[in-house]
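Here subunit A shows up in two complexes: once beside subunit B, once beside subunit C.
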Partner chain A sequence: MIPTQEIENQLQKFLQREVFAPEVAVTPETDLVAAGFDSMSLVRTLVFIETTYGLWIPESEITGDALRNLRALATTVSRLLNARVK
Partner chain B sequence: MIRHPELNGTDYLMLGFDHELRRHGFAGNTCQITLELAAAISPEALRQRLAVLVREHPVLRTRPGGVIFPKWKPARRGGDFPQVRVHRDEAGLQQKIFNEPLAINSGELLRFDLIEGGGGRMTVIFTWVHALMDAAGAEQFLAAVGQETPALPALTLPAKPCKRLPLRERLRLAWKYLHHIDHFGKTAPRSVGVRHPAAPGELRYHVEKFTAEETARIRAHGERLGGILGDGQFHVALAMVELHRLHQHLGCPSPSYVVPVSVGLRPKGASALWFGNQITVLMLQFLPAALDSVANAVAALKSQTTQALRTGLLDSGIMLGELFRFLPLPIYMAILKQGLRGEICSLFYGDTAAVNPHLTRFMGIAVEEFTHVASVTPSPGIGVIFFYFRGELRVTVLHSLKVLNETEAAEFSASLRARLLNP
Partner chain C sequence: MNLTELLDKAAGQWPQKAALIAGDDVVSYAGLVEKAARLAAQLQSFQLTGRRVGLLYPNSIDYVALTFALWRINAVVVPIPMECTVGEISDLAATMQLEMILSQKPIGESVALSSESFLTRLTPAVPPDNHGLNLAFIRFTSGTTSARKGVALTHETIRDRVAAANAALRITSADTIMWCLPMAHHFLITIVLYLSQGATVVLTRLLLAKAFLETVNLRRGTILYAAPFHYALLARDNSELRLDSVRLAVSTTCALPLDLAEEFHKRFDLPLAQALGIIELGLVSLNTDDPRGRRNSVGRPLAAHRVKILSPDENGCGEVAVSGPGFFDAYVAPWIPRETCAPDGWFTTGDIGRLDADGFLFLISRKTAVINLAGRKVFPEEIEAVLNRHPAVRESRVYARTHPHLGEVVEADIVLAQPDAELDAIRAFCRAQLADYKIPTKLNCVSALPRTAVTGKIRRVTPVA
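Up next, the complex of A and B:
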């Protein structure tokens, strides 16, 4: 089982490196959509999650709540990974 | 000594489209932003601001050139660019300005036209060569021109989107993209074609405006069909459904429909002034069966986009552009069209999202309306651009007079509007 904190850290590194400009400080509380996260960024993030954790997040889980910020996204990934283990 | 930047792969593609347009008697591959101002600005003050920018950013004193390596070379002497021209308003003037070429090979990369309107109002038309910058870059540039203080953000040279890779790996990536296009060629699209050969080689545009209430309705449709962040996907899918309907209506159904969707490479939240096109193009293909409803089109779009990112197709496309920019333009365009059996695509599509928030005022004057316009190559001769101004949706519909006459284009535009409101 991967701790939620570790998922959060990995997602944070990915978003900071691959999606956002260096001048945008991505924190676990950053409102992703307000910071410019768009549909293509979303698909890139989904592909990153699939490559890293072997998990494709189903569309029903991609909600406004799940994408509210990095922490919410990491929590969703963690919950789905745990459900798969059980 | 000033070191001029190279043209990146997308810049060179835009130069290829410029060549294609001029070869068919059109003005060239230019874009426009139109600002409708509540009051007039001083042409001399605008000239002074531009002079500062031109001094600070040497790329604005260049022309495309270079042997083997395409790059921005110093402009020829004698050209007094950029021009700021002042006009009295008259019927058809904006369309006329849109069809006036820029003297790109002499170093005219951009131009300002100021139209004095009634009641002291003024329309500012900013025209630029697409090879110089993309729409987001142009918005940032315009914001820099129009801002109150003379301090301007630093120039950032065009990014090198592809990391240095061995030649063998670069060729492998480029080949993957060619293979992808070749697959499309098995059911190659067929454009509407030249239906009005006697019409002049000119482009026309029309802007569909939506109120805040209508935009909210359209956004709700987009979210329902495209999911969260699904606006863009909804717009592409809907435009393709409507294009298929247009082809059927005109009696020229196509075996498939191909649309190039721009993908921004600019990091999100970047605020520096960027020249060079910081975008790549993702080619998507729709078979007619996928265009019988917007929901089916969205599903086909999502599946292709996801697959493209999973298989690294975006990097392949960038690599192909980086390699192809060493080809002479006529050969480049011939190879490009060969992949789709003589076509470039079925529809030019742009989605520039929300207008830069710094463009609600320009040189101290309130901006009351904003429009994005761009050239479309003679085949397919049709294009659409989606964007939001002050939170309201705008759709620019572009067409070649040789492909659609004004009545046909107005019908297409009205039909697109109706379907956006009731998909």
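Up next, the complex of A and C:
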């Protein structure tokens, strides 16, 4: 099982490096949508999660709650990974 | 002819009707014409007739007003996608010989026109030559490695393709279009067409399905024009919200997966109509005739267009060639007029497809190595050139991998020059030079790249399953 904290760290590194402009400091609390996260950012983040964890987040899970911030997104990934283990 | 006439005519007919809605901001047709005229007056002194002006703006009322303002003073509009890096913008500016860039945020030595409008003067090394054409628009298509870097269109060509497209879309002043695609990539047979017919365009975004559905219902949207990924978000939404006001949902930019078409249809009782649009010709076909029965067809060619299959095999499959009004005027950098690249009036698309007995076009694969990531085109050579500049990379090969949800994703095989190289550092290096969607999803370290026996060139693969 991958700790949620580690997922959060990996997502943070990815978003900072490949999605947001360098001047946007991504923290676990950053409101992703307000920071400019768009549908192409979402596509790339979903592919990153799939490549890293072998999990395609179903589109039904792409809600305002899941995209509230990085921490919420990491929690969603963790929950779906755990559900798969069980 | 000038495209501003289309907007002026609509404003004459429907002056008080909402042309564009962005959040709480609403601009009427008369208001949009006035805004464009004011901006044109501001830009007049720069003597931009026939000059090429880059437009670096996100979707907004200003984007539309500035485009019509530039047309009013006979400047040539060159959209610059917002995702471009600084390096890509300079490359585009140099290749397209831009005289000026208008942007929402300051870049380089910008001068403020207003709090949300900046102007950067550039001095092209050689002044652009439009070869006597009444140019309105140039679409930059690819980076440094492609032989054809831009597609140039005159006012007349755009007018013709708008008219041809509307024979199929049948947009009227009763329509409300829910707009979520980037204007820098889609503008002519969409925004210009809608505004020429007195329709209302609602600028929105499609990231959270529920929020989008609420906006459609609030605005009573009648037309959706989006990419398959957007429709996947909608089809899998858990709310009870419906799309009862929508009369036409067009799926464009990349192939629509069959199961998604079915799922969307079931969820909303609305079929998705696939369209084939290409920058060289505009809208070529739209499947409004049989979107239920022939879900994987891009439809019959528009009334004024013709499609033929070149050298068909025993299954009728071959390269798709198209002909019709609104044919592009020239490639730019180097300048190749359409008479030279398509002397017989047929454009070969690079797509492999077939026509069925009723004239419906089905696209099967393509001849070129271009990768389509959720509707954005990625040119492998451009990414390879960047990867190969990294000191830890000896050589690389970029290709499409088929993906069950997205159609394709970008991957790269790399041969490392330094075995202990950090892949994340190579990715960061790519990010600094390339728009985000071009960065390979995966970097696979390999010991050698496959080469063709005869020329020794790196062998291209399209796409890998």
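Operating definition for what follows: the second predicted complex is superposed on the first by the 86 of 86 C-alpha atoms of A that agree within 3 Å, B and C clash if a C-alpha of one lies under 4 Å from a C-alpha of the other, contacts with A are read in each partner's own complex, and residues count from 1 in each chain.
Simple rule for what comes next: a contact is a pair of C-beta atoms (placed from the backbone, for glycine too) under 8 Å apart; a residue touches a chain by one contact, two chains touch by 3 or more.
Since this is a predicted model, take the numbers as computed values, not measurements.
Using the contact criterion defined above for the overlaid structures, shared-chain residue A:V47 touches subunit B and also reaches subunit C. Applying the stated contact rule after C-alpha superposition, one finds that A:A35 touches subunit B and leaves subunit C untouched. Contact with both subunit B and subunit C is seen for A:L67 once the two complexes are overlaid on the shared chain. Once the two complexes are laid over each other on the shared chain, residue contacts for A:P58 go to subunit C alone; subunit B is not touched. In the superposed pair of complexes, A:V24 makes contact with subunit B only, with no contact to subunit C. With the contact threshold set out at the top, residues 19, 33, 37-44, 46-47, 59, 62-64, 67 of subunit A are in contact with subunit B in one structure and with subunit C in the other.
The part of subunit C that touches subunit A in the complex is made up of residues 83, 180, 205-211, 227, 229-230, 232-233, 235-238, 373-374, 376, 403-406, 409, 424, 427-428, 431, 436-437, 439, 441-442.
Note for the complex: subunit A touches subunit C at residues 13, 17-19, 33, 37-44, 46-48, 51, 56, 58-60, 62-64, 67.
Listed in rising order, the residues of subunit B touching subunit A in the complex are 226-233, 263-264, 266-271, 305-306, 309-310, 353.
Contact residues on subunit A toward subunit B in their complex (touch as defined above): 19-24, 33, 35-44, 46-47, 50, 59, 62-64, 67.
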